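Look at the two complexes coming up: chain A is in both, with chain B in one and chain C in the other.
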Partner chain A sequence: MILSVILILLLLGSILPWLVRSATIARCVAIFFAFLSFAASIYAYTMFEGSGFQFEERYEWIPSLGISYHLAVDGLSLPLVILTTLLALVATIYGVDEPKRDNQFYGLIMLTCFGTAGVFMALDLFLFFVFWEIVLIPMYFLIAIWGGPRKDYASFKFIIYTHIGSVIMILAFFAMHYLYYLQTGVRTFDLFELAKLSIEPKLAVILFIALIFGFFIKMPIFPFHTWLPAAHVEAPTSGSVLLAGILLKMGGYGLFRIPYTFFPEVAKAYAYPIAIIAIVTIFYGALAAMAQEDYKSLIALSSVSHMGYVLLGAAALTPAAITGAIFQMFAHGVASPLLFIMAGTLHHKAGTRLIHRLGGVAHKMPIWATFMVTASMAGLALPFTASFVAEFTVLIGALEAFNVLALFVFPAAIVTAGYFLYALRRAVFGPFNADLHIYGDVDAHEFVAMFMLVVAIIYLGIYPIPLEGIIDTFSVAFAGGV
Partner chain B sequence: MIEYSWLIPIMPLFGFIICLTAGYRFTKGLGEVAIFFMFLSFLLSLGAFIDVLNGQTYQAKMVWAVVGGKEITFGVLIDQLSALMVLIVSTLILLIHIYSMGYMLPFIKTNKLSRYFAEMQLFSVGMLGLVIADNLLLMFMFWEIVGLCSYLLIGYFYRKPEAAKAQLKAFLVTRAGDVAFLIGIVVLFVYAGTFDLLKLFSLAPEMDNFVLTFAAIMLFGGAIGKSAQFPLHVWLPDAMEGPTTVSALIHAATMVKAGVYLVARTYPLFAMSSEALTIVAYIGGFTALFAATMALVMVDIKKVIAYSTISQLGYMFLALGTGSLFAGMFHLMNHAFFKALLFLAAGSVINACMTNDIREMGGLRRLMPITAYTMLAGSLALAGIPPFSGFFSKDEVILAAYNTGDMVLAFFGVAAAALTAFYIFRVWFMAFTGEYRGREHPKESPAVMTSVLVILAIFAFSTGFAKTWLEGYMEHFIETSYPHEVVKEGYMQLVLEPNEALMALTVVIAVASITIAYLGYVRGIPIYRIRDVLKPIHTLLYEKYYMDYLFEDIFGGRIGIYWARVTGWFDRVVIDGVVDGIGKVMLVSGSVLRKVQTGNVQYYLSVVLLGVMALIFYFTGVSP
Partner chain C sequence: MADTLSMLNIVIPEIIVVLFAFLALFSDLKGKNRRLAGFITLVGFILAILYLLTLKGVEGNLLTFVLDSYAWSFKMLFLFASAIVAVISIGYLERAKSSVGEYYALLMLATAGAMFVVSARDLITLYVAFETASLSSYALAAYFRWDRRSNEAGLKYLFYGAFSSALILYGLSLIYGLTGRVELEAISLAISSSPVAYLALAMLIAGFGYKVSAVPFHMWTPDVYQGAPTSVTAFLAAVSKAMGVAIFLQIFVLGLGSMIGDWRLIIAVIAAVTMTLGNVVALVQTNVKRMLAYSSIAHAGYALVGIAAFNPLGIASAIFHMVTHALMKAGSFAVVGDEGESIHQLNGLWKRSRIAAFAMTVFMFSLAGFPPLAGFWSKYWLFWSAMESGLWILALIGVLNSVISVFYYARVIRAIYVIESPRTLKISRMSSAVVAAVICMTGILIIGVYPQPVIATLLEAIRAVYP
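Showing the complex of A and B:
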């Protein structure tokens, strides 16, 4: 029941703000339900034992098609559910950038989290797809209503681009549904059942590619990534928090849950090409990030680079690599939102995010600068941050699987450090730019949002095993099964 | 006490948290807090060291993570090597914290001292943790923390553009070494299945020699970055933009020693591979001479000492590479004290004269006698004049190099010794003798600073006498801690037979160099004419062999920024151009869609609902 409780809490949090009149109450309601759902997910974590799917719930929904409301979590999805509820809390605490239709804003934030949590829990492909599509709509409006100057272009690009992936994905789902029907005479969208399909190799390759295509767009993986910087630059801060924190993880999660579970042989056969795509993504994202002038597009492209590690871990498919990839999803899911909050606060206080128009910000905003340095260190995977544990574990797995090829990934750490620190040098350190007008240091609500994420990042960096333990149990079983 | 040694790095962590959080409210008393916690750390280190002297060793660990079903443990390892190192490090951190109380006062108006002490405390956490870590991964993690603090403290005066540039350079150049280090430990983990040092040592004799050599060279790559060896030495002279206390603590006495300590700590791996040791010896020996040549011509007092540090670290690697763990550690210990002394004395001079340029000093011997004579003690130790500490250890290093029979290595050692004696006395004579050439009114520093100088001068004088004791101590360490095969079949030199002729040669050369410096800079014999004769060489040295140009303009500018711009352009124009192009092809459908886009949420939701229903009907319709 606990999973439905989490979903219901998030859904209530997304409906109730529309019904109240005051913006303040709407925000309080959203924070309250986000907090409850976070508490519920932590409770689920404490009840989670051993490995395999737990808290399973199953109700018939459309029996004639074999569609059911089927939820459960395992070591892959539980961390991401926790991440979703945590970011719901952070995003509602951080709130709206400039007061405008606040009630709807909080409702849409919570609705995005509701959809994402559903994606991570659903074990029925149709239900999965419904949640997947639910996420798109509120995010579209978040960008299109509260976005920056080019919000129409960005929101349209976002919805079209990710929708192309969805369409191809649902076609693959239908194909598998139909094949299962042909083989057994039973209609089902259930993940467990469909995984038993025996599909001839050629068709398996086509289905595998169709499935990973949708997830590659979502993650995003080079060369399907350009919707992301556009969406991030225009999105409101809380929107970016969710976009980077959990929407990208839907792609990484889906990759493991569907194509890699259904077609492990194909995944193994294509390990090297996928690894090369991953390595290109890591370097490409990092180099492109270095060329950015807008802090938000820098962070967006750093996300591309970091999600490359997730794909690299998937390609390697050793237990260590899978653990690293899943942990990287969580680590990036706390580090990247922090960076976006830093950029949002900067925009709020200094009126610009353009690096060349900043300079010496540390002089006027020391608390902000302290958090910014911390966030950048989390971004460049300094030890004692969660990202380090993740990337390091992926690298172990990659070296196990790919030997010499994996050695080429390591220098990415220099490029990553390069763009984060080059931006810090120009924007945060150096002489104070007299043209800037800075309106004070961070506000209390911004501070709380930042502080929560910093605690998560450093706690998991110092002592990862509470989370890493359940992930690794999953990975060992997963790698043994495929 | 030894069982409490895990608290050694925890103590400054409290100091860090207090300085970080209270620093926004309180300005006074933070230094005292930091010193208090460092003093506790020092006592714990001393206690651990005494227990080790009584024959105890200690290892305790806990599970930190699980990777692919393999547990990764973290813990502390206190044996002869780490106990000695942790005592040296905590003593120096404590002394330099005390000195900071006087030194940092003039900056209190423009820069927050809370930030200074918070970062110094975090550095202490990292450095002490690095020393007592019982496995390579934990070492690496603390290694990066000290790198972060080095980055932050170099940029302490971040409003100076040079400082902001230097901190970036320091981080990125050492990061290149760190990448190699990380490759090394990941390779070891994949092949040996553990990060634990003692387990790795016992597995080392059975490991494939190629893998072992590769991993050892990669670990040394990390050491090259951190200990500023050729070709990654370029960051250290620039790092002098930080406060002088930071230069003394991080960039002379402790952090840059981490590379040497890493090689010493993982010595059983190196001792099994002659190729790895040869590389260590050659890089170290070459750097010793190479950096000393640049120190000859610098006019910034801190830069001279910085190049001197690089050179002396080269000596330590030369010792380790030629198989003498004892000589390397001995020189590390001596150098930590006398180089900290030189930097702090230089800091005292800089605060008095308000400049780093030795051409604007002079005659300070009379104005600030304590600084002058303590610095003289440090200079004698560095130059290797008996009975100062540097003499004993440098002699051991050169002896170890000579014993290998490779005269190139011995030449590196002797030639660098000659240059060392010259450049440090060039500085001393120019700063402290003759007439004062600056515009300030220099006076002696406060007692809180000079007392530290005196303590360090006593160390600089006396630590050399510990030679016989340390020889026995290290021998005992090797016997008890290393697998038998490593010592028997490895490439190690245990006890070095004294060689009086070599010893006399190095002393004569050092004295001759000091005499030349005396004649040139005190007696006024125009040896600087040599500079005019050898103009191209002088320029080459003064321009640091153009290696800054190589790193900043070629690697940073031409390759780094250029490729980033190309990628950025490619991303914007080619990839996004294709995407938008496809979008424009669909303009017709787009214009239709735009009419549908009314902005009415209920409308959108009902369309979605209709779609879902249509889908359901479609499927239920065809179902049997």
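Showing the complex of A and C:
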């Protein structure tokens, strides 16, 4: 029941703001329901015991097609559900950049979280797809209505890329559904049932590629990442928070939940090519980030680099690597939103995000600078931040699986440290740029949003056990099964 | 004879519709009781729907006029869609410059014609009923006599229609000449492949292909849909198109089903080309009525997929698709009729009427085939049926077309919500078009979330026609 409760709370939070005209009330309603859903997901966390799928709910939806409303969470999805509700709270607290059509804004933010939470919970492939598509629509509007100067281009590119990925993904779902129907005469989209399917190796490879293609676009993995810088940079801050925080995780989650669960042999056979793609993505994202002048595109491209670690962990398929990959999803899911909030606040107060036009911001915005440094440290995976735990675990796992190949990743850590520190040095420290007009330090609501994320980053960096404990229940069983 | 008379009740819905047609005609002779004529029409349709509901499950025939679950489903669709058109018309015809009695009379006669079509099981009844519906709709398309484009639409529709009628008549008479029978079931037993049968087949495909606006017989559609009064366009898309598909089913499945090997490939190719051309050309339209006309062409292609699949699911889902298409198109033309037909006139619609904006968004997403909306399910079943018949290439083309179509439907949504408009006329006025749109939207949402009963009813229905 608890999972449905979370979904219903998020759904209420996305419908009710549309019905009120006052921006303040709409915001309060959204924050209220986001908070309730966050509390409910924490409650689910405390009730989670042992391993395997829990809180299972199953109702027939369209029996003649074997579609059911089937929800459950395990060590892979529960952290991401918590992340979703946490970011719903953060995004609604941070709020809208330019006040216009506020009530719709909060409704769409909550609708995005509703869809994403549904994706993480659904165990019926069709239901999974429905939630997957629901996410697309509010995010399109968030970029297209509240976005930056190139919002038309960015929102359109976002919808084309992800929709093409979705279509290829659903074709693969239907193919599996159809094969199951041919083999057993039963129609079902249930994940557990379809996983029993025996598919000949050649077809399995095709289906595997079709499935990972859709998730690669979403993650995004080089060379399917080009929608990301556009969408992240043009999106309003809260939109970027959700894009980086949870939409990318849908790709990483889907990768583990579907292709890796269904075709573990194929995944094993193609471990090296996938690892190489991952390493290329890590480097590409880091090097491209180094060349950015806009703080927001720097952060966006660092996301590409960080999601590469998730893929590397998946490719390695050892318990440590999988734990690391899932931990990385959570860690990046709190670090990257913080960075985007920093960039958004900077844009509000300084009027620009271009690094070469900033300089010495720390003199005028000390609180902001403190948070910015913390966020950058989380971004470059300094010890005692959650990202460090995650990336370190992935690398340990990758070393077990790939030996020498994994060593190639280490230089990327230097590049990452390089672009974050270089940007900090130019934008935040040094002499104050006299051309700059700074309108005050961070506001209270921004401070609350930042503080929540910083607490999560530091707490998990120092004491990762609470999260790693649940993830391990999944990854040990998963790696053992593979 | 006594037996026949006892079955007279099966034709009562048609009788109600025709009676009310005359009532509507005489209710507004001077153009002073416009709304009254509209409400009479609405009452007529509602009475007919209510009576038809009591006939659910009744099977019987008056000579070759047959009521079975197949005919029942289509009649329900026609009556419901026409009732929605009547609701749209009540508001839309405020701009008419003459009396509107004959408009409603023609609307009801066209509906009655369509209802006879689905009950007809012989060629003569079929043709006469078909012409009743067609002639009424030609006049409807030209109804705004003072508007040049409406005249053009009516004339174009008439000429193309007359030509296709001639083709159909030729085809039908060739079939009669070959088999000596007019009853569809007798024909299916008697007919066999021969050069003359091929000629008849070609003429029927061309003639009825015109009616459902299948490529390459679609040329009239954009002009007529754009030029006709928007309420009439809603009727053409919702009712006339469904009638065209019904005739396709009756002639090709019931009458020529034994020649499946000869026509399946042709229909499959036409379906593929129709989907693709409709969707691709719709991409570049800036007039929403015209864009929806091309989308309507594409949707005819989707329905033909089900006919080409030629299995129970395919035929049921072709009917299902006509149900969802009727709801989506009637609703979207209702909004377009209220707001204006250029896409720019939809800019910032959300500010003027939140309900209309939301309803239009639902229609567009449903047309594009986003789950869980009604338009998704009918497409899903169509493509699935094609897979079951081994036409997986056709299914794949269909899926790709659905992807293409997202782009032009998204443009409408973008206009509604994203582009700001300086125009802030009428703020959430509750017009008859909005009422119609809300009814359609409710239907789409309900069918979308729970499609099971509809598809179950239709699967039951096609047992009556599927050989």
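Points to keep in mind about this one:
Basically, the second predicted complex is superposed on the first by the 482 of 482 C-alpha atoms of A that agree within 3 Å, B and C clash if a C-alpha of one lies under 4 Å from a C-alpha of the other, contacts with A are read in each partner's own complex, and residues count from 1 in each chain.
Everything that follows uses one rule, which is that a residue touches a chain if its C-beta (ideal position, glycine included) is under 8 Å from a C-beta of that chain, and two chains touch if they have at least 3 such contacts.
Predicted, not measured: the structure shown is a model, and the values here were computed from it.
In the superposition on chain A, A:400 makes contact with chain B only, not with chain C. After overlaying the two complexes on the shared chain, residue contacts for A:348 are found with neither chain B nor chain C.
In the superposition on chain A, A:167 contacts chain C only, with no contact to chain B.
By the touch criterion defined above, A:268 lies against neither chain B nor chain C after alignment on the C-alpha atoms of chain A.
Counting residues of chain A touched by each partner, chain B versus chain C, the larger count belongs to B.
When both complexes are overlaid on chain A, the residue A:141 reaches chain B and chain C alike. When the two structures are aligned on the shared chain, A:133 is found in touch with chain B and with chain C.
Of the two partner chains placed by superposition, only chain B is touched by A:414; chain C is not. With both structures placed on the common chain, the touch criterion links A:357 to neither chain B nor chain C.
In the superposition on chain A, A:178 makes contact with chain C only, not with chain B. Counting contacts by the rule stated earlier, residues 62, 64, 130, 133, 137, 141, 160 of chain A appear in both its interface with chain B and its interface with chain C.
Listed in rising order, the residues of chain B touching chain A in the complex are 20, 24, 63-70, 112, 115, 137, 140-145, 148, 151-152, 155, 158-161, 163-165, 167-168, 171-172, 175-176, 178-179, 182-183, 186-187, 189-190, 560-561, 563-565, 567-571, 575-576, 579, 583, 601, 604-605, 608, 612, 616, 619-620, 623. Here chain A touches chain B in the complex through residues 62, 64-65, 130, 133, 137, 141, 157, 160-161, 187, 223, 225-227, 230, 284, 287-292, 301, 318-321, 323-324, 360, 362-363, 366-367, 370, 373, 377, 382-384, 388-389, 392-393, 395-397, 399-400, 407, 410-411, 413-415, 417-419, 421-422, 424-425, 429-432, 463-465, 468-469, 472-473, 475-476, 479, going by the rule given at the top.
Chain A meets chain C in the complex at residues 62-64, 126, 129-130, 133, 137, 140-141, 144-145, 155, 159-160, 163-164, 167, 171, 174, 178.
For chain C in complex with chain A, the residues that touch the partner chain are 365, 370-372, 384, 387, 399, 402-403, 406-407, 410, 414, 417-418, 450-452, 455-456.
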